[in-house]
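Reviewing the structure listed below.
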Amino acid sequence: MLRYIIKRILMLIPVLIGVSIIVFLIMRVFSPDPAPIVLGQHATQAAVDAWRQANGLNDPIYLQYLHFISGALTGDLGNSYYTKAPVIKEIFARFPATIELALLAILLASLFGILIGVISAVKKNSIFDNAGMFLALIGVSMPIFWLGILLIIFFSGTLHWLPSSGRIDPLLQPLDITGFYLIDSLITGDINAFKDTLIHLILPASALAMYSMAIIARMTRSSMLETLQQDYIRTARAKGISEGRVIGRHALRNGLIPIVTVIGLQLGSLLGGAVLTETVFSWPGIGAYTVACILKSDFPVVQGVVLLIATVFVLMNLIVDVIYAFLDPRIKYSKKEV
Amino acid sequence: GCGSKTDGGKEAPKANDTLIYAQGAEPRGLDPALVDDGESAKVMINIYEGLLKYNKDSTKVEASLAKTWEVSTDGLTYTFHLQEGVKFHDGTDFDAEAVKFNIDRQIPPQVTADMAYGSFVYGSVKNVEVVDKNTVKVNLTEPSTPFLSNLAMVMSAPMVSPKALKENNNNVNQAPVGTGPYKFVKWAKDENIVLVANDEYWGTKALTKNVIFKFIKDNSARVVALNNGEADMIDGIDATVVKQITDAGNKIFQAPGMNVNYMAYNTSKAPFNNAKLRAAVSQAINVPEMVKSLYQGYSEPATSILPTFVEGYDKSIAQVAYNPEAAAKAIKEAGLTSVKIMTYTNPRPYNSATGQALAESIQGYLSKVGITATIDSYDWTTYKEKLKAGNYDICFYGWIGDNGDPDNFMYLLAHEDPTMNVALYKNEEFNKLIAKGIATPAGPDRNAIYTELEKIAAADAAWLPISHAETLCAYRPDVKDFYFHMTGVTPFVGVSKQ
Amino acid sequence: MLLEVKKLRTEFKLKRGTVTAVDDLSFTIDKGEILAIVGESGSGKSVTSLSIMGLLQKPGKIAGGEILFKSQDLNKMSQKELQKIRGNKISMIFQEPMTSLNPVWRIKDQIMENIMTHMKISKKEALTRTIEMLETVGIPSPAERANDYPHQMSGGMRQRVMTAMALACDPELLIADEPTTALDVTIQAQILELLYRMREKFHMAVLLITHDLGVVAEAADRVIVMYCGKIVEEAAVKDLFAQPLHPYTVGLLQSIPQIDDDSDKRLYMIKGMVPNPLNMPPGCNFSDRCDRCMDRCTKEMPELQDINGHKVRCFLYDKAKEGELSAK
Amino acid sequence: MQKDNSAKAEENLMQAAEYVEKPESQLKEMWATLRQNKAAVVGLLIIGMLTLIALTVWVSEMLGLQILPYDPNYSDMSKSFIWPNAEHWFGTDQLGRDMFSRILDGTKISLFVGVAAVAISLSIGVLLGSIAGYRGGRTDAVIMRVMDMMLAIPSILLAIAFMAALGKGLDKAVIAIGLVSIPEYARIVRGSILSVKENDYVQAAKVIGNGDSRIIFKHILPNIISLIVVRATLGVSSAVLDTAALGFLGLGVQPPFAEWGDMLGRARGFIFTAPYTLIFPGIAITLTVLAFNLFGDGLRDALDPKSRIK
Amino acid sequence: MNEVLMKVQDLSKHFTIDTDWFGKPVSVLKAVDEVSFTINKGEAFGLVGESGCGKTTLGKILVNLYSPTSGKLFFEGKELSALNKKQRNSYCKDIQMIFQDPYASLNPRMTIGDIIAEPIIINRLLPMSEVEERVIFLLNCVGLARHQRNRYPHEFSGGQRQRVGIARALAVEPKLIVCDEPVSALDVSIQAQVLNLLDDLKAEFGLTYLFIAHGLNVVKHISDRVGVMYLGKLVEIAPKRELYANPLHPYTQALLSAIPIINPEKKKERIILKGDVPSPINPPAGCRFCSRCFKELEGCKLNAPILKEITPDHWVACHLFD
């Protein structure tokens, strides 16, 4: 098992190198020149040229890449063209916000998704099933940004129940320890900050969770339906155990195994969805920031972020596989990967 | 973010100790030499001071860190007498050495390409001499009338602690240290910047202890935040939400803005190398109607390039008047049937409706006089890049005044750089007048030069000035003495909350 | 009489029509008896066993008849009451050893679950019993293997585990639905032997479902031959093999290559194939494949008639008397 | 005698029958199952309606006819922000354009981008997936690692980066959205090829002497085509969503084209003054995506051999 | 008629299950391990053995679906294993295969007529105009009617599909057909139909079969000589009557005794083997059957016995006969 994990981690390296090349190509070869925006209203062509030279943008592309990758290996992703701060710092100032949002969203999505899915499967073709699946269908069909705006209009603009933007009331902002406000506020024992963070999370997390929840609900339903058809479920029933136990202990455990993969994949797509949610809710996360940086051609930041997200994504896949193995004893790591 | 709250302990600050200002974007940084954006300026005005500052209601210069100053008769030497006993937030002294240090870093040989305003503000400076601890002499290479105005700007001109600059690699974007009424506390990226009142401030101390700048990108969300009490003041609103805000019991702050929103013809090539045709097309556009509809009364239709309150403005200046019939006729005669419009997708301070909306409305007007317009629109960065190629007939642009000097607007039409002079306008006579204007000392003579320049511009119709955007902000009723300076900044030193 | 099935009829209501998987099925099993049911794929053997266990899944439904276990009608019981009997008094071994065990639980947990559901004993005792049972069914080093997951065991071993599980609560009736079909011959022999031994040891009745006539000949006391959901013949094992009556049974017996038959003659063939359950031939279900089909056979369904304890569903024996039978 | 009759009948059939039975159409069968799925039929109806609208708008535009109530791109500044009324069913936008006409016009763009993007990702994805799945070994590893790389970047970020690099425009949106979903198709196709490849009939095809390409095109692809069709149908729905997302972020089509996401993005500034500008495009997107989802789901059920008539 | 059609010499097929860091195999599955036998022209050679012992793998090597790890293959005296890919392909059509699972071996998207026509067309055996006629002929040969030509496989029962599979194999007029458990997926009443058909075709077309099964009774019925496999090794080969009357290898004996006899009167003595078939991954060096053998001798664990001819034409690999 350990060997398998190490092997998988080693396999990540080429993937990450590939990702960095892809991003590098898109950004440096095809994207607009960052110089005019960096230099602003008064920039002259001479200043632009000088700036490009200073930032190595006139070097041949492979040299630029080597420079970038050697920097990356030593943990130096360069400085943002725009704020001139180290990219690492820029990223880690925003990353916790995205992760906090995404984790809460995936939690909501999994919880409700699995619940709806299981009920729908067990009560197949009942009103619960139909209602649940209709909800799921709407969930996958609604643009996430539209949903977000509708939520803001309704819960913030009309009812004034929930805040429309930001992570927390700035007055309650906890000490910056981990960057995760939920954790930081707990560490400092600040219950008000914790509550306020949660309140701020509700709308964006719900908007973000909707799509994943729908996917998870649908997958859970079909997985459960399939599991309920399995021979071992019949065996369990033949043992005379109660139906609740059959579903809870035998069907759910098996039915959830494929769901783990789905949840893992959803986390990846949540990071993507965060781009839109963060834009709508002015969430100080990495998604909206990256979009802004792409549009500003802030190469170092975009390269850094994408590399980071890709790392998180592939690690996530690895974790999913490990959980998978934990849930499903049949998976053996001695088998060569196909 | 960095660092923790310096004082106040764990106790959350009381609400009326704190002003929360929500703006649409995050500052680019807080080093006045390195940034050029309005969002940064709003924060910096509270942290830093320059040698001079603008009057509250105009762009007249007043004493700030310089108590008094003298200008030599040849206009080449400026001597400043500094305030005594002023300290930077890091405890170091503000003195003549500090002034020299700040200017030196922005003039050759130290100046770098990314110091956006360095050459604009200090471009004419030859060197700086420290006379004594509180006296400093600045020598220019040629006379420059706007120089004093420039020294009151929030970009480039403010005084930064030399110690902080040395410690931070000549870049205090993330760790600003000035002499101003507020001290920097922390910056949570994409969330907020927290400032606290400077208890050792040499001047009148700030009334409110904490100021928080919050970043809410979405316009509607910012309005919701104000109405929900999540913010005390917001900016960057447009006309459509005013009712929403006032209905919720909040107030609107409205002031003329020092900017111009214009449409430019590509004068370098056919068809618009023909001034008559330019005028004819401008005739086809009902500027007042369009401005009213797009900005709902929160932008003035422009009659000239200069905003009304800038020296050199003259009531007599007028652009071609709306006359679709005449336009149609002229256009038909010239055989013009299609034009290529290029525009930007973002809202800009001078055009809250986005360049795209503007272009599309003009597309509407043009179609009425038989011109089919195609629109290519790009985000601002790409747009500026694309402008260079000059592959357009019509484009859109705007300008925010930096220092209230008329040259700051008019020189654009004389600029060499195609991304500045987007009309690619070339007129020797015009250029000569511009040079003359810079060297002429302030006064009626100088103003006459700019009025003349305006007249040339209107006659040549290289630009169609569209509007001057008003500054539109909103604040909660318990906020007192809030104001927004015409240069686009919000000093909070005198603002309080009940 | 332990189990008495009376006129059982089980249907599957499908969109395209109703499949009567089991029809007019009546039989009894006595204490300690091994009754075999043989028949081709789709003849309704599994449906019969599932009907008895009350494990039919939608759209299957018992449409008529009674299933009396010790004179109580299982069909009329609530799920709760049934659960008390299932896995306890009546237990079952399924056809596919590979898929009938839950892949994610250790086998000891699966067996213990069965024990603890029906016996009021502690976890520790249950574990002891589990290991005992595993030993009984011949799993080497049962204490260690109890911690295995099903995928770590071979098919034969799994079938043993299934058997251990089924026997864990001393059932009075064991239903074994093709317990050896998926296994290799040598393993099949092991499992059959095991079943036999267990029967001796626990004195339970066994309903053995299979399609292998050889297995029947070796293991069963009595046998029922099913075709298309109906009993076509029922007899003591010796009688059936000595003198099969129904043309289908006769055909089956002749079409199987015999290992002790050294002649190279062609095999007997039953022509055609099993009819589509949605589209049964009129009259006798076997009429379209029968060599001795008569006019009447294509119009009416013959009744199951008892000729000295040897039951058969065929018009050939309509008025058959003892004497005439032997003449055939 | 009975036996003779039936045997004779059979022989008659075998020898005498000159006719050859018509092949039973699988499509017909699929359609039969599909028709029973009410949701799928509703989906199909909506898709039909949308296609009809799109085609009508497109054709009439080509012919220079105006069948929409107003020119969708004609702005009249004197009419900005008129609330829905009898004249303007969905109201007008900031530039005084008729929202109803714009929404109808937008159908054209959404469907076009959706279908075209799927066509791109489908063709490239299927090709790469087939090669990887069938060849296996190093080819497989190389192709799939590249796909992994693309998958490791959230597709919307990738699409945004493409758009930022390529610039705005319908064609570019199609390319960006098409490119980013290639890995999905490649993966699905590869996975199913791997499983189909193990089928005895593929082995049988080899034994009788088929070459590789014939095996892929004749024996493997037709057997996963249903899967691909389902995936493609659902793919259209996500392409429509992606288009809208790009439009919303201001990266979609060039103005003044009416694109729903773009309309939503503009409407965001006016959610209080003119909420209807937000509601209608949102409904249009949701409805379109919903239709493809409904239909895709129904198609999957219909194609699933488990639920098909035997 | 003892002309050798196919000679298999020390044939092995090993699958690599796992490799170490450097790609060196650490666990190897020896599916077929140094197997030698001959198949004579016109005979049916039966191959029995438990599930997983390598029967299918062996068959697939013969039809070139797998390339052997080592060993030689001679077909009509020609060494197939020495040919290059192209040359080898020209022999492919002479050796055909009938698959075990009639449900998986027909392409569900092709009509059965097309399935049968395909090998004729791609091997260019007949001009296109004659293909159809041939297809109908083949259909009739296997007992299917002309009118069924355009039906899809799913419209047929297992037995009928198996007939299509047989017709497909016959289409190229092969010399050798590998029948991989052609009846084990079929119902008892259908089995006989297919077995008889195979028998008839053999006589009619002068075919040679390698007939794989795990039911000894079926093998006995159809074949002339029988080989018994255990865990990748051939343990005994003999003419069928000899084998059934006088099994020498303990495994063969157990296998024979395990078959239930359809006669309740004749209860025979059973040899119940202990344990299960061990895994073929990294098998032990000695006799593979050792772990289950009831006649184990000293040394069985250490040395693998070699296949030897004990009596004429009766080969066995067991230390009992050393």
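Here are a few things to note about the model shown:
So that you can tell them apart, the chains are marked A, B, C, D and E in the order they are listed, and the count of residues begins at 1 in each.
Note that in this section contacts are C-beta pairs under 8 Å (C-beta built on N, C-alpha and C of every residue); 3 or more make two chains touch, one makes a residue touch a chain.
Since this is a predicted model, take the numbers as computed values, not measurements.
Note on connectivity: the fewest chain-to-chain touch steps from chain B to chain E number 2.
Of the two chain pairs shown, A-C and A-B, the one joined by more C-beta contacts is A-B.
One simple way to say how far apart two chains are is to compare their mean CA positions; for chain B and chain D this gives 48 Å. Chain C and chain E have centres, each the mean of its CA atoms, that are 32 Å apart. Chain A and chain E, compared by their mean Cα positions, are separated by 53 Å. Residues of chain B in contact with at least two other chains: 218, 220, 379, 382.
Across the assembly, chain D contributes 164, 268, 271-272 as residues in contact with two or more other chains. Residues of chain A found to touch two or more other chains are 32, 149, 152, 157, 279-280, 295, 297. On the side of chain D, the complex with chain E involves touching residues 10, 13-14, 17, 19-24, 26, 199-201, 203-211, 214, 218-219, 222-223, 305, 310. If you check the complex, the residues on chain B that touch chain D are 218-220, 223, 238, 240-241, 243-244, 286, 289-290, 293-294, 345-346, 353, 356-357, 359-361, 363-365, 367, 375-379, 382.
Interface residues of chain C, counted against chain E in their complex, comprise 40-41, 140, 154, 156-157, 184-190, 192-193, 211-215, 217-218, 237-238, 241-242, 251-253, 255-260, 262, 266-271, 273-274, 289.
Partner chain B is touched in their complex by these residues of chain D: 73-78, 80-81, 94-96, 164, 167-168, 250-251, 254-256, 266, 268-274.
Chain contact summary for the complex, chain B toward chain A: residues 1-2, 4, 10, 12-13, 15, 18, 20, 28-29, 34, 36-37, 112-114, 116-117, 119-120, 171, 173-174, 186, 188-192, 194, 212, 214-218, 220-222, 224-225, 227-228, 230, 379-382, 384-385, 399-400, 416-417, 419-420.
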